[in-house]
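Each chain gets a letter, A, B, C and D, in the order it is written, and its residues are counted from 1.
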Amino acid sequence: MGEAISFYFLASILTVLSIAVVTVQKPVVAVALLVFNLFFLAGVYALLGAHFIAVIQVIIYAGAILVLFMFVIMILNPDMDLKETGDKGKKFILFSAVSVGFLFFSFKMFEQMAPLTKEDIVSEILEDNTYEIGLQLFEDYIWPFELASLLILLGIVSAILISRKPSQNKSV
Amino acid sequence: MVPIEHYFILALIMFTCGTLGVLFRRNLLFMLMSIELMLNAVNLVFVTASSFLGDLDGQIMVFFVITLAACEAGIGLAMVIAIYRRYGTINPDFLKVLRG
Amino acid sequence: MDLFYFELMAAVVKMCVILAMALQLPPIMVWIERRAGAFMQRRKGPNRVGLFKWRLWGLLQSLVDTIKLIFKEESVPEDADKVFFHLAPVLSLIPALLALSALSFGNYIILFDHEIPLQLINLNVGFLFILGISGMGIYGIVLAGWASSNKFSLLGSLRASAQMVSYEIPMGLSLIPIVLIYNSLELGSIVEAQANTWQWGIFLAPISFFIFLITMFAETNRAPFDLAESESELIAGFHTEFGSSKFALFYLAEYVNMFTLATLCSILFFGGWQVPFIPHLKLIELLGSHNLASFIGFVTLLLKSAFFMWLYVWVRWTLPRFRYDQLMKLGWKFLIPLSLGNVFVTSLILMM
Amino acid sequence: MNWLEMTLCFPLLGAILNGLILRSESKTLAQIVSVTACFLAFFSALFLSYDVLTHHEGLKVYHLASWIEAGSLSVPFSFLIDPLSSLMLLIITGIGSLIHIYAGGYMSHEKTTYRFFAYLNLFVFMMLLLVTGENFLIMFIGWEGVGLCSYLLISYWFEEDKNAKAGMKAFLVNRIGDIGFLFAVFLTFKQFGTLSFLDLKNILLNSHTLTQEMQNSIALICLLMLVAACGKSAQLPLYVWLPDAMAGPTPVSALIHAATMVTAGVYMMTRLSFFYFLAPQIMTVVAVLGCLTAFFAATIALVQNDIKKVLAYSTVSQLGYMVMGCGVGGFGAGVFHLLTHACFKALLFLGAGSVIFAMHHKQDMMEMGGLKKYLPKTHAVFLLGVLAIIGVPGFSGFFSKDEILWKAFNYPVIGPYLWAFGTLTAGCTAFYMLRLYTLTFCGENRSDHHTKKHIEETPVIMWGPLAVLAFLSVFIGFVGVPAVIGDLVGIPNFFEHYLEPVIKMPHAAEENWHFLRDHHSHALEWTLMGTSTSFVLLGALLGFNFYKRGPKGISLILKKKFSRTHKFLTNKYYVDEFYENIFVTPLQEMSQFLWKIFDLIFINGFINGVGRGLMISSALSSWKNSGGLQTYAVFFVLGCLVFLGFFLK
């Protein structure tokens, strides 16, 4: 009961926020809304019993990635040109096409999705799964995990290289 | 008990919002944020499936997706800065260097 | 159903207690800071405001200040982003209070045959939650600086957020040895594992403590890392434009954050609510009362936290401020490698 | 390494060394390399011939490697050494060596000569391939190779447009003959399934009767080969390239366009004599063609003023003799004339070269005269050459020419006419050779003062080879003294005997050629010999007397009297103009037409149209290549949706 109420509450907020994120005018507002969005999404994760993922979501997504967005917005000119450009008619046609495509696609998907049976649903092991996640991560997924660390390293280096101002003296 | 479809519908709404944002917002920052939104929608599907099926693989996948998202955001934003420095705009309509 | 309402009521009571504690913090701490500063600098400090003829060492000065802050006129800059200008103090306070709610203040007490843990929300991800939530506090600061449409504010908020993001990494890394040693993320079980005084975090993971202590200061933007609000450079940083109760909220958030980290430090490195040299179970045996033992534990934790709060003040009036590049260099080039090495060495020792 | 490989590889090695590796600026080095190569080849050829003729019963096939193995077609790198090819080997390498030496002197004023010597060596190599090849394709390599070298050497001084054009002309005219050769090769393979000379010879010699189809195809092969021979040996109507080929350096003219390459046709016909015997009607064509060429070229030579041109037409005329000799069934006589002609024509060319060299590359006889006292040695050897070519009894030309005429007379039906024309040609030959000699060496010197001052005898490197050749010109004829004289003085006819194993008549053809075995009265032969000799002497006398005082005197009167004939002859019967108008101009106009209409409009239009169409279509389609990131993304997403929709149905 409580779970259902929480879910629909969070879901309605998330829907509104998701739409708002892509429609608001100012990037800062969008980032703030996205933070809330992710925060509430973490709530949904917690509701699903994925506490570790929820916390990770908050720490990394909300606490780090979106701070980066915030930084970039502040480093760039706050008064930057935010005008939407492009042919309105063409955009509208394409917009409708994509929307209709998504609607059609989702309709078909739900139509064809095999309903979950009671036997499929297992939720016992989900309590306190941080330990299991750790075990799986370091046993079955050790190579992907190491590759992910490499990816992060590459990300750091390339981000620095790309965004670095071309320095006058080559010693730097 | 909330049926699994409702989680999926929520994910679908978020994903659609993200896609439309990527496709129609004429601003690189908004495009990146919309991509984050899309990734999160996917994460939600993973976590939901993982939770309903009692399989932790989904959550581990989310872990990796978040890793990827961190890199993506870092590099993407670095590129946004570089592009802004170079062209003075982050509107992709003005960045048609590869125009045919 | 009874249980549900009982737990609900218990939670409400706990919330009130925590909120009250949080609200009490700034007045007391402000008074302590001013008095301590005066004491260290051989001044008098605020000592006049009292009740009738009792001066009470100027204790009521804070009360008066609070009243002044609340009743002051609110000023909003013309160019400010109104929504975020009003939202920013709240955004910085909420994560602080949320983090506070996840702290474990003591063992459970037994009321009406129900065990009530002295912790508002018990998550199995424990202090990760606290770290994440306190990270969210950045948004309050950043948005505050941005919404003020003031150069100094913007710079201050950029500095603050960069600093906090940078120091979150060594802080998180410094806590990994604790997780490895006590094999848990839950604060309650970590404290229980520190029953023996020689198994406190400070003894088992001294380097972690060292790093945590430094990052504690940096995370709360306290001196010597108070570059975000350094008066001499940026006037007052991100809260230059904030006055009256909004300013009070920032103050509140800062002290709550300080208190959260101080308590966390006590819990992780100094045995939490374990009385030194008397394990909790033994204390229960000695006193014969569960509730009394828990209360003594709670007081012990408060004392330990108070020491760290004092340490904040002490350091603030002792050390000069860092330069910004020194700050970054310390964070990225010293603390992160050190904490990584610490994790490595600790894991190595634990494996052997 | 056996002698054959050495014979073949030395000239090639010389060519590679000179042309590709050393590329030396030094004339001496280049000459030493090439002369050494040629001499080594000559000695190898000597040993090879000796070896084969004494130890292997005059026939040996060297199989070096396999080349083409495709289905039933098997073409190995195999070489045939028999009396004919060893004779050719010796002529080529022997005279070639002498000319190489001479060339060193003649080319001494050139800047770099390594190119010249490399070509020369390459030519020798190709010529050796041609004459030693055991099958059609090896022969064809040589055939094409000598054509290439001839082209390269004719236009050796390619800076002058005239020379480059002459080379081109030679190359193109030869192409016509080469096509005949190729078709003949195809037809041979189709008909006999083999390209090996020995195999073919065995098949045809041992077959007693031939089907009509076989005879027809043999006739066709012979005809096509005749076309090839016409191209290479400068017979009517393809002779036109040879006079122009005189644009090349004189040693080249001596080696390629007198002694060796142009005789390839005669060699080839002799090599394929077993074919030709089986196609008597084609043989008639061959004989008539040779006779006509001989007479035709001789008449043109009567009035030419360029010393080399006279010799060139003389060469064409002598080649006509050889071909006529082959055509009347006297392959031995043809080859004998080939041998003697190689000696005295090389001598004459080199002598003319010496004159030209001394006259500082002036070739007009009208400006010469009286060189006897300036160039005594050259004069002496040149005179011997002249006597040899006109066929003064006792000199080599007499024996070979007379044998051909005698063989021609015996040919049924048209034989006497052939003989009559041949004799007339001999008279003409005597006339123009004496005219040449008189204008060049006798009388007063007509050159300008400047040239006169510098005329001096050529160095030993040039007149040395001439002396050797003069010796050969005089005495080489004695190897083939006709029976009627030989019986008298007791010298047998070595040469006929020598070539006997090569020229064998197939059984099936014997009835057509019975006249070859008929016995004729010696009196008739003596009579004919006397007649032709008197014609020769008459011609010589007239030639000497007419031009005794240079171009003035009687010759001028005659020239005026027969001015139209003279003009006609001077312009070489207008053959070049005829070809120009009938073939070249229409061809050029057709090319122009094809270029303007077909190339420019159709092909270019098509190519450009494709390009323009692409440009238009890409311009049309580039709207989608807007460079707009999000436009791309939209279509990407739509595509994904379509894809998913397809799977979800």
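As a convention for this text, a contact is a pair of C-beta atoms (placed from the backbone, for glycine too) under 8 Å apart; a residue touches a chain by one contact, two chains touch by 3 or more.
The shown structure was predicted, so the numbers you read here are calculated from the model rather than taken from an experiment.
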What pair of chains is linked by the largest number of C-beta pairs in contact? A-B
One chain's C-alpha mean falls closest to the whole-protein C-alpha mean, and that chain is B
I'd like the Å distance between the centres of chain A and chain D, where a centre is the mean of that chain's Cα atoms. 90
Distance between the centres, which are taken as Cα means, of chain C and chain A, whole angstrom: 29
Indicate the whole-number Å distance between the mean C-alpha point of chain A and the mean C-alpha point of chain B. 6
Whole-Å gap between the CA centroids of chain B and chain C: 34
Would you please write down the residue numbers of chain D that are in contact with two or more other chains? 628, 634, 637
Can you list every residue of chain B that touches 2 or more other chains, as numbers and ranges? 19, 23-24, 26, 93
Considering chain A alone, which of its residues make contact with at least two other chains? 52, 64, 71, 86, 94, 98, 102
Chain B touches which residues of chain A in the complex? 3-4, 7-8, 11, 14-15, 18-19, 21-22, 27, 30-31, 34, 37-38, 41, 44-45, 48-50, 52-53, 56-57, 60-61, 64-66, 68-69, 71-73, 75-77, 80-86, 91, 94-95, 98-99, 102, 106, 110, 113, 116, 120-126, 129, 132-133, 136-137, 141, 144, 148, 151-152, 154-156, 158-163, 165
Where on chain A is chain D touching in the complex? 86, 94, 97-98, 101-102, 104-105, 108-109, 112
Quick one: which bits of chain B touch chain D in the complex? Just the residue numbers, please. 19, 22-24, 26, 31, 92-93, 95-100
Chain A partner contacts - residues on chain B that touch it in the complex: 1-2, 4-10, 12-14, 16-21, 23-27, 29-30, 32-34, 36-37, 40, 43-44, 47-48, 50-54, 56-57, 59-60, 62-64, 66-75, 77-82, 84-85, 89-91, 93-94
Can you tell me which positions in chain D touch chain B when the two form their complex? 618, 621-622, 624-630, 633-634, 637
